[in-house]
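Here chain A shows up in two complexes: once beside chain B, once beside chain C.
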Partner chain A sequence: MIETATSTPVVIGVRGLNVFYGEKQALKNISAEIHEKKVTTLIGPSGCGKSTFLRTLNRMNDRIEGIRIEGDIQIAGEDPYAKGADLLALRRRVGMVFQKPNPFPMTIYENVAMGPKMHYGLRGKQLDEVVEEALREAALWDEVKDDFRKKNGLNLSGGQQQRLCIARMLAVRPEIILMDEPCSALDPISTAKVEELIGQLSGAHTLLVVTHNLQQAERISDYTAFFMFGELVEHGHSKAIFTDPVHRSTQDYVSGRFG
Partner chain B sequence: MAIVGKFGLSEADLRKRDQARQQGSTLYRGWLLGATAIALGIIVLILGTILVRGIPALSWQFLSQPPTDGMTGGGIWPQIRGSLVLMGGTFAVVLPVGVLGGVYLAEYAGNGRWVRLVRGAVTSLAGTPAIIYGLFGFAVFVISMKLGISVLAGWLTLATFALPVIVLNTENAIKLVPESLTEAAYALGLSRCQTLYRVVLPHALPGIVTGVVLSSGRAAGEATPILLTAGIYYRSGAAPTGMEMLRKGTENLPYHLAEGYRQGGKIPEKTIWGTCLVLMLLVLVINFAAILIRARARQKQIA
Partner chain C sequence: MEALIYASGGVVIVTILAVVYYLTHESKYAYERKFDYGYRVALQPVSGQYEKDLSLDPYATLVTANKEGLDGLDEKEETVPMPTLEELSGGATFGTGTPLSGDLAKVDPSKLYRDDWRAQKPANVGQRFLVFGFATPEYKSDKMAIAWAPDASFNSELAPFDLHLRLVRAPSSVTVQPIDIDLKRQPEGRMELPSYVATSDEARTEGYVFALEATPTSSTAAAVSGGIFRSEWDPTGSYPKFGFVPLLMGTFLITLLAILFASPFAIATAVYLSESAPSRVREWVKPVIELLASVPTVVLGYFGLMLVAPFLQNTLAKAVGMDSGRALLTTSLIMAVLLIPTITSVAEDALRAVPQSMRDGGEALGLTLKERLRKIVLPAAKGGLTAAILLGMARAIGETMIVWILGGGAPLLPTFHGVKDTVGNLMKPVTAAPDTVAREMGNVDFQGVHYGHLFLLGLTLFVLTLVINIVGYRLGRRNAWQS
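Presenting the complex of A and B:
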């Protein structure tokens, strides 16, 4: 069934997860354990449910009409779907980066300051400090330090916008970072920068990254989960998944025979 | 695999078809041009007539003095002032109510059966003739609420008239905010209210404010809603000041025009065209202000 390594502590535990969009079942009986402070990539053909899985973790799917979620999810020992669960605390703990860069139409500073201002009520010097730190961590500081208080986030290039979104997310200080195809709208150089960032973040954060780029998955991840038709086919060390997968369909997919 | 030769198609057939298609384009363009010319022509005709006939009446006296000689001489300052007062008050009433109503419809109401019914009702109200609002205002504000013919009743009537358009416009402006922004805000852990006030509303604001300014301006140019609620044509004695002003009716430009015409010949034609021109300029200035507000807000967003 599902392979899991037990060398590192588990921060996200999923058991028997079923997700339905109306009549259609998007995720079928998913069970998985995500290791702390490691990078896990989610791969699989389009429509296989990997994005749905990601968005179930920080409850971004709540907004979809007619969605039904069954099963048990534990994130750092808490059930995000428990009655009375604190949605804002969940998202403070679990940050997200989207496929298309989506900075707010305001200055770079205001973009990054939004999270810490709303969550922690920071202002003035403390806020400045957090903003600068986040911009540095997102490797954007050197490019924007001269005009980040004045320049609108929308006036950055696509790659810079995505790093701005990463900085905005980091400024809230999440433990877990979800990335939904973070490079698919970026050029190769920007992609390389984001990949480098993922490597740097993995020491202190747990990262889940959805990607269609198999080389990228192999490059950046410690663990890989292969989804197909809403099922989690195989999940384990990336090395094993890419060189010696257990399942035939995983083998076919990672060798480029379909998808 | 050439298709010529198949299905009985010859090179000559294709040429003929090409020619016909090209001619079709030219013809179509001609129609478009003609229709545009007609529309533009009407606008030019209206503007031209009002300008040519109205400009001779304009003078500092005309703009700053009250009417004299039994309304046949003097200026139209009380009418201008009255229109500005009606417009300002309408704007003040309609801004919070219309905008908050639109926000509720867009963000909180959902899409249940009752909400769809309300939305349909608001849409129909937006298309309801102004005179209906005038009668409604008379019956409810003037008679039932005992406000009498007064500025207050006029504000409420004009606000009622402008509200549906503003609610719908606000709702649309909010729905035009990209879903990706809302998602970003939620994923960042902003609450619903914070998402609305920090991200969604600032983005929608230019569209919202433009709608509010335009519809209050439009409302203030309407004669029928104030016909029975706030308009007075002739005032004997001095105009009231302070709060007393709100309890009394007021002269205003559209009503002055309508009455002036009905007086048939007693008022010099020049005066009527002059009033016409002033009203038009007033509405133009407001529209221009709305365009400026929108342009500036847009610029700020992308600067």
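Presenting the complex of A and C:
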């Protein structure tokens, strides 16, 4: 059962999505519509398929041996799994932030510059501007402006690393941002900063955020999707999901009875 | 269980300490080295047939120091009395002799002994050796010459002493400038003197007296330490040379080439296994590669000797001139075969240790597999990959059997005169430090000088591989993402 809101256009449409890891079915007949420039959080117990769903959207599961993906996915009107689909364009359109901060073993500048250099061929001053802008957007600029050309990204603190990864992702100018538990490896202060960032980004980007933190989901999201055992149980306005869920299992999960 | 762990740890540590102690202790015999010298001195006519090559002059006196093994015959010859002028007449134009008494004022004619070029005259460092000379009445010129030259293969540069040839007494009837020749500066030469012709047997004792003198300039230990940096290894020559340079050069060349041959293959294989091989392939290939590392090196060596060496010789002989299949190229190739599994295995571990999240980050940014490798995975695994290569190096440095079988056993000091000459080095035989120790240890005098030097060489190798292993271990542990 899917509740939809019509406040903004749908940017991601999924119909009848099944994902198998070998014999095991990880996602069962998922259908969902994600609204543009809103924050949607994906919640659910561990192993429920929410990360699989997220990674399937931008084809991050392709390298997994024995994976099989069925169903229809439309991202801004294009099927990322279509024959001859432009993978590079998909990466440009859909950015991703991971659970564990994963800066590359190079300077902060090089980390952020890598995307725009590759996707837009930017060089020199233009590139510098894009890097600075991305670092500002990720609220990292003030902390690193003195040595971001020399300092290795790996020498930052955990929270700074995560914001660096966000800056790296933003530098490519994605429309859609996928975040897979972006705060689960961070301390509360860093988490607050990232949450604030999510709020700022939502005006211009569509965000899908996987989280285990229900308060966080309630705080940051416009919509919430609840997954369990590979099924999308309930999907709708966050307020509705957290205060007046339709399903019993959703009720049990959001009230902390399991999970 | 705990006791067993402590016991085995203890055994390892004790073994390492014992090896270090033993190597150090036995290498002290290298420092008991005595440096030999051998010099020829002769009185000659101003122009004569032995002017060019003193070693052919039967009347040249050969003075040697510290040479053991002078046989009984030599001693007897040495005590042959100087012939009288009558006996010499018609034959020799010059007489040289060895006055056994050091008193120069009165040389007793009956105490003069004839020199024979075959007889070595022993003289120790610090002692003065006298040569006595005159011309017989047959000699008509008013000039004669004193000539000097080092014995074959003796190089005074290597000896820790000064060698001087001095005129200590001239006949009263001639006027001559003082002569003092520094044999280190002028190892070979000839100098004209006014003739002194002995007209009677009594007058012989008036002849020229030259002294050959060796005075120590540095300690034996310093000389031995300096000697191992020389570029010649000739432990059994009459003036033995224990320069480690050609042996370590062989080790260096073989290691360098083997690493150059092996690393691209090994790292490419490691990249394939860790980045793109299906897990089924990886599960099979990795153990098989690690199994390769356990092939006994003697097997690899003979495989190279029976198959690779003849093949290389047949194909390359005409193109670049390869006299024997046992050469630097063959040795390095087979060494590379030995290294590939070691490097592959360690490199693969290093690549797999790069967190998956970094690869994911690259993929999400739109980097292809190749770009992820070049920009992220390889730089991240740099430490581990360097460690893999260093461990390979340590393995190559210590490898004995392959070099012994395939090297050809001759020291190689490479030359670089143009491209052809540089490439030609590959076709020359080579010997390295470990195979030299193995080959020569069986034939040395127990606790002799050569024996000591082999232990010193072993100690050098041990320290070298230890350092490389430690550096490799530290690099391997230090991963960029863990800093």
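We adopt the following convention: the second predicted complex is superposed on the first by the 259 of 259 C-alpha atoms of A that agree within 3 Å, B and C clash if a C-alpha of one lies under 4 Å from a C-alpha of the other, contacts with A are read in each partner's own complex, and residues count from 1 in each chain.
Note that a residue touches a chain if its C-beta (ideal position, glycine included) is under 8 Å from a C-beta of that chain, and two chains touch if they have at least 3 such contacts.
The shown structure was predicted, so the numbers you read here are calculated from the model rather than taken from an experiment.
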{"item": "Fit or clash - chain C, chain B, common chain A", "value": "clash"}
{"item": "Chain B versus chain C as contact partner of A:K37, first or second or both or neither", "value": "neither"}
{"item": "Which superposed partner A:M96 touches (first chain B, second chain C, both, neither)", "value": "both"}
{"item": "First, second, both or neither for A:P105, with chain B first and chain C second", "value": "both"}
{"item": "Partner chain(s) touched by A:H212 [first = chain B, second = chain C, both, neither]", "value": "neither"}
{"item": "Clash with chain B (superposed arrangement) - responsible stretch of chain C out of 6-14, 114-122, 132-140 or 438-446", "value": "6-14"}
{"item": "Common interface residues of chain A - those touching chain B in one complex and chain C in the other", "value": "58, 60, 63, 88, 91-92, 95-96, 98, 100, 102-106, 114-115, 118-119, 152, 154-155, 165, 168-169, 172"}
{"item": "Residues of chain B touching chain A in the complex", "value": "178, 180-181, 183-191, 194, 198-199, 202-203, 301-303"}
{"item": "Residue ranges of chain C in contact with chain A within the complex", "value": "278-279, 355, 357-358, 360-367, 371, 375-376, 379-380, 382, 480-481, 483"}
{"item": "Sites on chain A touched by chain C in the complex", "value": "58, 60, 63, 65, 87-88, 91-92, 95-96, 98-100, 102-106, 114-115, 118-119, 152, 154-155, 165, 168-169, 172"}
{"item": "List of chain A residues in touch with chain B within their complex", "value": "58, 60, 63, 88-92, 95-96, 98, 100, 102-106, 114-115, 118-119, 152, 154-155, 165, 168-169, 172"}
